[in-house]
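Per-chain residue numbering starts at 1, and chain names A, B, C and D are given in the order in which the chains are listed.
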Amino acid sequence: MAKVKTGVYGATGYTGFEIIKRLQRHPHVSLRFATSQTYAGQSLGRVYPAGRDIPLVSEQDVPLDDVDAVFCCLPHAAGMTIVQKAGEAGARVIDLSADFRLADAADYQTWYGLEHAAPHLLPEAVYGLSEVNRQAIKATDLLANPGCYPTSILLALYPLLKAGLLAPDAPLISDSKSGVSGAGRKLSLKTHFVETSENLSPYNIGQTHRHLAEINQTLAALSETPPPVIFSPHLVPVNRGMLSTIYITLAADTPAAQARTLFTETYAAEPLVRVLPPGDLATFAHTQRTDTCAISVTAVDARHLILCSSIDNLGKGAAGQALQNFNIMFGFEETTGLFW
Amino acid sequence: MAKVKTGVYGATGYTGFEIIKRLQRHPHVSLRFATSQTYAGQSLGRVYPAGRDIPLVSEQDVPLDDVDAVFCCLPHAAGMTIVQKAGEAGARVIDLSADFRLADAADYQTWYGLEHAAPHLLPEAVYGLSEVNRQAIKATDLLANPGCYPTSILLALYPLLKAGLLAPDAPLISDSKSGVSGAGRKLSLKTHFVETSENLSPYNIGQTHRHLAEINQTLAALSETPPPVIFSPHLVPVNRGMLSTIYITLAADTPAAQARTLFTETYAAEPLVRVLPPGDLATFAHTQRTDTCAISVTAVDARHLILCSSIDNLGKGAAGQALQNFNIMFGFEETTGLFW
Amino acid sequence: MAKVKTGVYGATGYTGFEIIKRLQRHPHVSLRFATSQTYAGQSLGRVYPAGRDIPLVSEQDVPLDDVDAVFCCLPHAAGMTIVQKAGEAGARVIDLSADFRLADAADYQTWYGLEHAAPHLLPEAVYGLSEVNRQAIKATDLLANPGCYPTSILLALYPLLKAGLLAPDAPLISDSKSGVSGAGRKLSLKTHFVETSENLSPYNIGQTHRHLAEINQTLAALSETPPPVIFSPHLVPVNRGMLSTIYITLAADTPAAQARTLFTETYAAEPLVRVLPPGDLATFAHTQRTDTCAISVTAVDARHLILCSSIDNLGKGAAGQALQNFNIMFGFEETTGLFW
Amino acid sequence: MAKVKTGVYGATGYTGFEIIKRLQRHPHVSLRFATSQTYAGQSLGRVYPAGRDIPLVSEQDVPLDDVDAVFCCLPHAAGMTIVQKAGEAGARVIDLSADFRLADAADYQTWYGLEHAAPHLLPEAVYGLSEVNRQAIKATDLLANPGCYPTSILLALYPLLKAGLLAPDAPLISDSKSGVSGAGRKLSLKTHFVETSENLSPYNIGQTHRHLAEINQTLAALSETPPPVIFSPHLVPVNRGMLSTIYITLAADTPAAQARTLFTETYAAEPLVRVLPPGDLATFAHTQRTDTCAISVTAVDARHLILCSSIDNLGKGAAGQALQNFNIMFGFEETTGLFW
């Protein structure tokens, strides 16, 4: 079988490097190029001590007409024209930025503070929440890979959304905790070791985190009466990992066992989403350095549940789900090349 | 001025050692004894590398008739008879365990699974939430020092409770995060370095943590219509620190500035509780290795607030508040010997 | 091709679990059993949150006549009779304990404080330093997998030993640093999170660490005039990783470039040992979560070198090298199933 | 008693903030100003979450004629003219940078790559290794506070230097480990949380670290035949702490007990240097968040010792020793205001 020829834009960011690692393990893929503007001309092994000797090239110098698929791991806005160019050159695009996640260009402007450069592509883009949108993902040539927080929250809510069990009026609260790699490799005092280590800090509390737009959009797509969401992210002194502790008010009294059944049935056939047995609570350790999601369901009373949803922010929260989507798009076994 | 003669039971646990450190800094105190059953005969400096050469003695061998006050830092149940004995010997007792926090012996049995050994002392015990119960603390001879989680939560709720602003029906949610020293020095796989480091884990979610009893009791004392509380503790890979992210539903629409004023006014004269300026969010770093509490107030909308309440679990959450209570009981400046 | 049937003794220790992870990735292997005395009857996924649902059985209940190879991951002494029994049943044995590393039963008694239970097997055992003993490894039925510290030190010394370049009289110093998983899963105050985190501690300094015996034995095998070794291990607050900083006195003046060439030539064809380019220094990050070794060579002057040798203590320092040896023994590509 | 009026230049760096914390505890000191070029006009409490509300002013705006002493916590070179100006204004200066540590301006140029701006002040400067240079410190108006690595190494060597016991020819090796705060608050990839956490890295190995100049200068001052020093610093993922593991060759056979006696006698009367009992090894925990030094002495054989010397890099390694020197200069009890 001919290998799928791939390229990676932004290979030296944390998600780019994770994409590379998975492509190296994938038996049906060849890597044609890996870009870095900062390190062009050097090798990946000099940027990451454990990286292999993969040459890094400038975006300008890639053989775009010789790839079947590209992964775009650039910061939002930075990759918009590249996504467009790659699509025009015939490559199927998996974009890990936020640029094509919001269906409405006006929403993009509201949350990201700049005009969308390729609004005509928005209707073609598919939001790549793998377990939810599998059919659309299969067919698309422009995959918008979800954010890490939305992935952890939406996979946990999906069984309840499908069943129409969320109370429409009570606020749905997600108190989310993320490892530091989610903030990327860009230097800031906030991620300086001495300031971060031994610390834990909430940030963007009070409805200001951009991922809220993505969460609300998907809730609206899956429910006619989506609840208002309160989303509070926290930074924890850990490299990788994410846990959303989600406080649910149900629309109707529901026995705990029945609530749990919604989850086990929804994910029974999913290799990458695990519903924990009663009594277990999802922790970072359940999914760290894997591309899976683990969900625990705890009943407070007949009307209130607490869901704990764990992913690795760079795994199922970024590169893992991107590869899973790639596998869906190209017809491979979904777990090929993934860590699980 | 004659020094207050003190003794410490359980000096080699984390809270015991912190009590010792503060007593060493306190100009009006002499330390008459420090007990340890495990290390009796040795010196504190052998148990803690940075500890001084304080001799450790067995509980049986202490000069109980020669102290004015004792700090009891033993695990719950273990110190009940000691508290009683010390009281009978004429010492004022500051108990850092949970044994005298619940006013009702039946509650104690429910939550701690054993019969209370000294129920007749319960009416005399005062719950030592310093800023709230100052007058009663001054007069008592048996001080029940609050738990760390309740301290972080109740200090944040106090201004709203006083104002009667908590909605009585909507659940009040505290998503709390604690450093590992809160779990004590007893060995367990849960606090083994390799299992804890790089991990974050919820525990006792779903209304099973014992501190809930203490929280509900105090809410009931301060409000005629206390809301139901959902309390979810999480363990984070940090030695010391605690943050409660608290989701509030207000009883009536309240402008953000007005809500904030409740907090700044309540704590205006308090040296150890700080209300952060608008826009700042409380983090572990605000109070780590201090005996203070820092609270941030963020409005979601006119009916919903998010409070972040930060304490050091061994500081204001244990030894710091114990010393503060000692200072109140003995008429010293409240911050004497404290870290702030 | 028929798969090699394998079993793992002691599957729930840190090295056992790492062996399991690699066997799951190995295309030519089937896992017939995984033992645990503590967790027999449960599943690996309950012991390790990220583990799969592999049933754990008691040592007594394994199909020993139906395996081609066993990995023995038990503590030293605990597995001696099992190794013997498995060998008699016809399985080739890879023992990760120290039991068969020392050729002389008297040495074993000296360093491990107990009589060797199967001294007649010692002559058959091969010390599995893969890159050094490859031919003997291929043929053996009893492989003694090296300790983590000796692996990091001996791979660094090997090029100099081969060239006879170590000064015979000057002490050779290895100041070694290890992650905490090297201390295993057994609880101790030394590996309690609160005591370990934010700390760094030397231990067994002054020639008392048992790995010294293994190091000296191999030096004597590879050199007629082995230098005296000073070996100082340190525990660092990191889960996984090991770095030995080795101070070498050379037997003769040697230009830096010439010294370096010894290393690059020795390891030119080795996929799992990397000699870093001039100027780079080996760090934990070079090999963490891989099964490789990275070595840097720094000249102080014509007579003194500083080698930094990095491995993952559970990778090349334990399970990775064990699998590499397995691959050599069974004729597979050496890197099959490994992380690199 | 009138308070000593002090000012702090560079109050928002890690050492500056630690100076402030100690001055706040010092009963005989008033703080007249704290400077920050970056944060001038703001309060220290906004820069450090646990800092108090001390106004930060620009260097240009300080009342230099109204202070008795200044602490200069600026990076090397940045503070040279300030030191000069402050001295001319009549203030006694404690400089925590490297600018006045080397007696020879040519050495400064060699190691720091720039011409010294105030070479005429070098003869007046006293190297503030408190326990070694106490008499000179008392009298000076320009105190050059030692670097952290030199402090940890020189305090350990001092008893042997005094006794003339170091072999003059064998290299003296210090394998030193430092917490990350030693690298300061300036952002770099090397101290980015994700790159530092879970890592351990040697740096400036091979005689390139600037502190080597300071070490050699002091050795030469205390010995007629100082040994060559090999100094290898390592960065460890801990906020604060430093351990130097020092490998000594003695000039003559020396029984272990006799070697140890040199240490206990040298430091018998020193409150801030502790020689550990036989069998104990110094760790970060012995001195972390204190202003003390802890030294362990381990004999390998009659000619070789291993010293472990522990300090807090910001304590005895910087701000603590600076305050100790201040106390010596102004005639206060040496431990006043210090953590110990």
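FYI, a contact is a pair of C-beta atoms (placed from the backbone, for glycine too) under 8 Å apart; a residue touches a chain by one contact, two chains touch by 3 or more.
Remember, predicted model here, so these are calculated numbers, not experimental data.
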{"item": "Farthest chain relative to subunit D (centres taken as mean CA coordinates)", "value": "A"}
{"item": "Between A-C and A-B, the pair joined by more C-beta contacts", "value": "A-B"}
{"item": "Geometric centre distance via CA averages, subunit C-subunit A, whole Å", "value": "37"}
{"item": "Gap in Å, rounded to a whole number, between the CA centres of subunit C and subunit B", "value": "47"}
{"item": "Length of the line joining the C-alpha centres of subunit A and subunit B, rounded to whole Å", "value": "39"}
{"item": "Subunit A, residues touching no fewer than two other chains", "value": "198, 237-239, 283, 285, 288"}
{"item": "In the complex, subunit A residues that touch subunit D", "value": "14, 180-181, 185, 187-189, 191-194, 196-198, 237-239"}
{"item": "Subunit C residues touching subunit D - in the complex, by the definition given at the top", "value": "170-171, 173, 175, 177, 195, 198-203, 205-207, 230, 232, 234, 236-241, 243, 245, 247, 281-285, 288, 298-300, 304, 306, 308"}
{"item": "Partner subunit B, residues of subunit D touching it in the complex", "value": "48-50, 198, 283, 285-290, 294"}
